[in-house]
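For reference, the structures are reproduced in the following blocks.
The two complexes that follow have chain A in common; it is paired with chain B in the first and with chain C in the second.
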Partner chain A sequence: MSSDGDPDRAEISHGRRIFFIWLIVAGIVTPLVALFVTPYLPPGDASVQANNQQGINAILLVLVVPIILGCVVYVFYSFVLFRDRGDGRPDSPVLRGNRRVTVWWIIGTCLIVAFVVPYGTWQWMGPGVGSGSAQGPKPIATPPGETLEVQVIGQQWQFTYRYPSFGGIETQELVIPEDQYVELHVTSLDVNHSFWAVGLALKADAVNGADNVVFVSATRAGEFKIRCAELCGLWHGEMYQNDARVVPEAEFQTWIQQQTELNEGLLAYLPPYAHIYYPQPFYRGD
Partner chain B sequence: MGIKARGSLVLLIFALLIGSFGVYVAAFARQRPPSVAVMVGADGAPTLVLQTVGTLGFGPKPDWPSFLVQRSDGSWEQTTVFNLPAYSTVRVKVLEYDTQTGLRNNFFGQPQGLVDDAITVDSKTFTGSDIVTTFNPDLVAHTFTVPGLDVSVPFVGVTNDAPNQCSVAPCDESNAHRTIEFDIKTGAPGTFRWQCFVPCAPGGFLYGNGGPMQTVGFMDGFVNVV
Partner chain C sequence: MSETASLTSPSRQPVRRFWRFGIGSGLLLALVGFILGHVIGRTISGSWEPADGTDQQDLALVLGYVFGVIGWLCGLGFARYPIRRLRGQEPGLFVDDHSEDGASRFFRLSTDHKVVGIQYIVGGLTTFLIGGLNAMLIRYQLLSPNGTAWNPNEYLTIVSLHGSVMVMTMSALILGGFGNYLVPLMIGSRRTAFPRIQALSFSLFISAVLVIMTSVFVGGIPTGWTGYSPLGVEARVGMDSYYVAFALVAMALTLVGIDLMVTIISLRAPGMSWKRLPIFVWSVLATTVMMALASPMLLATGFMGLLDRTVDTVNFVAPLGGSAFLYENLFWFFGHPEVYILAIPGFGIILEIIPVFTRRALWGYGLAVVGMLGIAFMSFTVWQHHLFVSGINSDLRPFYSLSTELISIPTSLIFLAAFGTLWKGKIRFSVPMLFSMAFLSNFIIGGATGIFLSDVPSNATTHGSYFVTAHFHFTMMGGLVFAMFAAVYYWLPKMTGLRFREGAAKWHFWTLFVAFNSTFLPLFVLGARGMPRRVPTYDPTFVFLNRWASVSAFCIFASMLIFIANFVWSQFLKRERADANPWDSRGLEWQVATPVPAHNFSEIPVVLSGPYEYGVPGAEPVANLTPTGIPDPVDEDGNPIENPDRTPDVLIAGGRIFSLSVMFFFAAFVFAFFYLRSINSNNLWNKGYLGPDQAISQAILGSTLVGLAFFGAAMRRIRKDDERGWHRLGVVAVVMGGATILLQIIQLVSLGFEPSSGGYASVLVGWTAAMIAVEVGALYWLLTLVAGQARLRHGTHSATLGSGGMLSSRAHLAASAQAYWGLNRLLAGVIVLAYVLLAVIR
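Now for the complex of A and B:
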């Protein structure tokens, strides 16, 4: 309520005051957040996809900071000016309807969505090449040039990997070359799993009988973590690998050569490389 | 009885029920098969002796396959929790009494992480690439896979028509069986989970592990490196 006895004038005055305070605070805080917080947003920059997600997160954060600050300024302003001072003044009357606020709220929301939707779609289709999300068996966001195909096989309770370009060998650890687009085909031999390469910002459901494609281009050599992100039974929590690796091309060739030698005898027993596998009937329980 | 007394009684009963439930959950969560320490072999080397059976033959799940461990007094304990010494080479001897089931993923038909890449099956020793060319994944009965130690060993089972098969554990060596021996190396102390990668439970479980395949004490367990 107004202290000068003119509620309408006071309301306009408070609104303007809140607006100018918000403008100053948002004008200072938002650039600071953009400069000093966004570089540290998850999931980092270990891959093109991680970098892409980080950029999108940064845009969303920069958009949301002024909105949050608006709420905070409004609440604090109210706390300070309209708090109960114990002088027995009654509460303000309930206000219903304010066409101007409603219209601006709708316009503001529509503008944000009208920017975010095409921006996100462009990022997903273009620079992000799927932004680390799985695209099913026929991906529509694909990278230019050649890719290295690697299959991720989920099973209770370990991921294994096949490299069709190298005879379909199978390995216990995931190793990929840096600065090269890798086309991961994710599937499962049993129940549902979810392949989550945390640092590379990839996540793809591993479903029996389904081929789920996700693209990644790692930007620097190093280790990254893999987790199963779908509750899949007793050892779900143990279905991880902490030392999956991104290596330079030459090191990758050396490693794949070692794995090929290790697979020499095993290859005869591995099924021909395919994007999905169904377990054959076994002796027990036939 | 006054309203306060009735209220107190209801609260007391409620507290007792909640407390009992909490005690039950805590007791259930703490339940774990006993852990068995490795034996000391004739030459002083730590030796883990296991047997795998197709049907346990006793207890609440007599038709489940299971692992058993031999204690130093020669008796067998149905458990899957073993204590191995740290920074040691441990000899493992497996008496495999179960029949061939076949792997869901043939990749686990390849022994991995063994000392000198060597494994002995029924007194025949295989090394290096011999191993991977020898074990047909369709003939595997169980695996002993410890991802944290990079160890995975398939156990070839006895044939389905082998005479004198064992149906009640512990089995003795007069029953049809295969003897599998290998060495593994342990590192720093820690607890490592292990599992069998064969869909070996009765009823198939082709599309997921069930029953003994996700029950500690049967086909999953812990290796305590101490």
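Now for the complex of A and C:
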């Protein structure tokens, strides 16, 4: 390489070259990612929470891509150019560290941390209203105004739903009205499950003996997949009988009316509505 | 050799003719032990109802495993040491150690760190292959969205086995294999601090893998490697093997951690200052901190899980007074340090290798050290980032998010050190270097995707999905496994004295690199789009990427076949001698002959300069291997006699660290106490049950404190060399120790194993049982002190003691007593705490 004569100049030129390669690669790839990938990032825009998560995922991706590229460019550059070319000098010039580089490196990492953590925290505490991540029994990020409470009950191997403001009826299907804040209380009758409404961007562990709240406001009507995201035994993979449905308010009223009628005979057999249920111990030897 | 081998104990000779300790006898006694344990378990639990729908009893199986493992250890010859100790004899070494050179020494108990290292490496590569085959079975099922190759139970069992075996293997293989083999060589020692413990850890590790594999015969493991309860409590008896195996591995890791930590602290050669310590040794040191402190938590957790399953305590059963969150917290308090146990040695390996092939001092050595230690300590502060959507402590998520992100700072220092070393270097791209470079580019992807997982909103997208699977494979497979292969290609020529075929190794590298990325990159997409982890079937729209990943995974396997072929070819079939220092490294381990002589160094070397002074004009050689020119004296067995002054340091350091491990073990029970007490209403906490007889509790407290006082007095006599006085006091301490244990057993039995009497009873049972177990161990230690001292007084002690490295029995006993004294005080503290919490506060 040209480096041998004047180590100082060589240092500058390698550094510049790596920087420019990175600038070009990252300069091309990052905008492409920003333009053509981020709009399609999960979880989409079907709810306020999904939108929020998608925005943050997009920002993180745009942040992370140049970092990864920087690392990969450096590794490949040294793979191609920092080679022993058998010029008879067996060892590399001695370098033991560089205070300036170190300081800037640490500052750079700190800046990333100082951005990522407060930003994410502010998002879920503020505009994201929990950002679809469950908040335990006493949520601190709450939506303004009225919410519709719905309970999600996990058990091996299905989710069922109860609507306390409609007499505590139980349904097999999650139906929620559009453009209204719904307060989902997630719990389990047996082992741990995790309620994952993929398109609506909700995730909340369902744990026996615990109440776990997550808020959602759907922005458009449609059907959305529901999965279980915590291993819960044999048929964990099959825990998605019904999709969630988001419907306009009027349709929701008719639906809940039907369900109430269907539930009439059943209601007597259901335990009174509560945030936690302890069924008879499933315990062995008892 | 072998005739003169056991001068110190001629009585052993005839026995050995009939009975040779080894794998054969180990397996035999394991079987006998298993049957015995099973029968005992059946007898005890005969009247209890069996597990659902089967005729199996958890207790029978668990005791079968426990006795089986004990049989296995006895069969390998581990019982000889404690028996000799209890009779007051000096330990004596396993005579076979250095008197045989054949392959058979690898199949037997050995206290040679090099033999144990090879055992770990070969054993670990074998279990790695088993885990890899499981991965192929997983990917085979996922070729189609409704895969029917395995039914759900089989599939989940395969996933659990893959995860568990891989985690166990990769945590044991690097430190147990490369750590045990290389650390003594790198720091200029002939051995690790506790050679028998080092041997024991390997046997425990192997038995753990064997135990977990047997789960396929008894119903499988449905929980994945995390073993979450209540699913884990509810599962069929196969689950017992999970808890037993993880308990065994926890013990193995703790022991490895203690042994290597003390080795590095106490056994460095003269001149091996902290500033000259090779970076790999630093990484081992950082890792041992996590091993010695976090693994005992896992042991306690496994123990609680087993109690829930066998005697129906309710630690993890919410409706009866336990909590699923308790398990999650305990598991991840171990689990997160564990994932760094799987990362830091990788950093150490690549930072050790990169300077050699760049021909340059490690850039930013101090930064790398700070980075590793920083990661190790910070890893204890982040565990609840696994529980962001669980609903527990949701208000603390900003803290855990921050602490997690902060770890990226020390981690970035490691990258900086690597990059700085590469800078304008004259790099030779030999195979180990290729793997190290790939480590950097793979690990950055694993690390960068961690940013998503540690961010609360993005975590809601990715948690519990294949995104996580992809993320940790980039760190563990793309990171540690690549580092492991770097280490294999780099150091095996030293260990076996044989060269690998370079061409085949390069093929292995490139195919693995491409296939690995091609397998796991698509999984990020699958996870983010909604494919949960641990599912045998999936949404048909995901079929293309899954097929892609499966086919690529098969290519990984093909790539591994190249490695296996290369391994067999170059190590067995077509052997080519390697040079003593083929890479032209300055590492101390490369300065000794190849293969490494039996005792590493004929004299303890004097280290003269750091290990990375490449191209430094006028740099001194790394060490003077023959500082006096006179080989150290040897004993009758040909084992060099070590400097006796070190023995007290080693024992006392070991005792301290062991006490810390014990403290973390009991911390799990203290945490369980406060946690279950705080979340349960009074009624569920104790259901009106107010614990054992107060008189018994007070008696336990009393006998403990009296025993402590007597041993304290004994310590004073030891310091004054008053042997007769110390003996009498020691005997009283033994009696009080025995009385404490007896009283605790009475306490436990008087509880009557009443199931479902709330969280309080569960903590009480668990804590008391754990205390009995630890105290029995402590009592054994005390007995060896008393017995050894009695022998000493009657003058039947031999003066020298083989390469166990101990001289001067009196100094040895005093140091041992000193170390015991520390543990004794700690245990007394635990008992006082138990009294205050369990009998007073309740």
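Of note:
Everything that follows uses one rule, which is that the second predicted complex is superposed on the first by the 247 of 286 C-alpha atoms of A that agree within 3 Å, B and C clash if a C-alpha of one lies under 4 Å from a C-alpha of the other, contacts with A are read in each partner's own complex, and residues count from 1 in each chain.
By our rule, a residue touches a chain if its C-beta (ideal position, glycine included) is under 8 Å from a C-beta of that chain, and two chains touch if they have at least 3 such contacts.
In this text, all values refer to a predicted model and were calculated from it rather than measured experimentally.
In the superposition on chain A, A:V94 makes contact with chain C only, not with chain B. Contacts of A:P143 after superposition: neither chain B nor chain C is touched. Contact with neither chain B nor chain C is seen for A:P66 once the two complexes are overlaid on the shared chain. In the superposition on chain A, A:G168 contacts neither chain B nor chain C. Touch criterion met: A:V75 reaches chain C, while chain B stays clear of it.
Touch criterion met: A:T121 reaches chain C, while chain B stays clear of it. By the touch criterion defined above, A:P271 lies against chain B but remains apart from chain C after alignment on the C-alpha atoms of chain A. By the document's definition of touching, both partners, chain B and chain C, reach A:D190.
Between chain B and chain C, more residues of chain A are touched by C. Contacts of A:Q155 after superposition: chain B is touched, whereas chain C is not reached. Residues 190-191, 208, 233-235, 238, 279, 281-286 of chain A touch chain B in one complex and chain C in the other. By the touch rule above, chain C contacts chain A in their complex via residues 48-49, 51-52, 152-153, 156, 222-224, 228, 230-231, 234-235, 312, 317-320, 323-325, 358-361, 363-367, 387-395, 397-398, 401-402, 405-406, 408-409, 412-413, 415-416, 419-420, 422-429, 437, 440-441, 444-445, 448-449, 451-452, 455-461, 463-465, 528-530, 532-539, 584, 614-616, 755-756. Remark: chain B residues 99-102, 104-107, 109-110, 112, 129-134, 136-137, 145, 147, 150, 160, 193, 195, 197, 199-209, 213-216, 220 touch chain A in the complex.
Across the complex, chain A meets chain C through its residues 3, 7, 10-11, 14, 41-43, 49, 52-53, 56-57, 60, 63-64, 67-68, 71-72, 74-76, 78-79, 82-85, 87, 89-98, 101-102, 105-106, 109-110, 112-113, 116-117, 120-121, 123-124, 128, 131-137, 139-140, 186, 190-192, 194, 196, 198, 201-205, 207-213, 225, 227-238, 278-279, 281-286. Taken together, the chain A residues at the contact with chain B in this complex read 153, 155-158, 160, 170, 172, 189-191, 208, 233-235, 238, 262-266, 268-271, 279-286.
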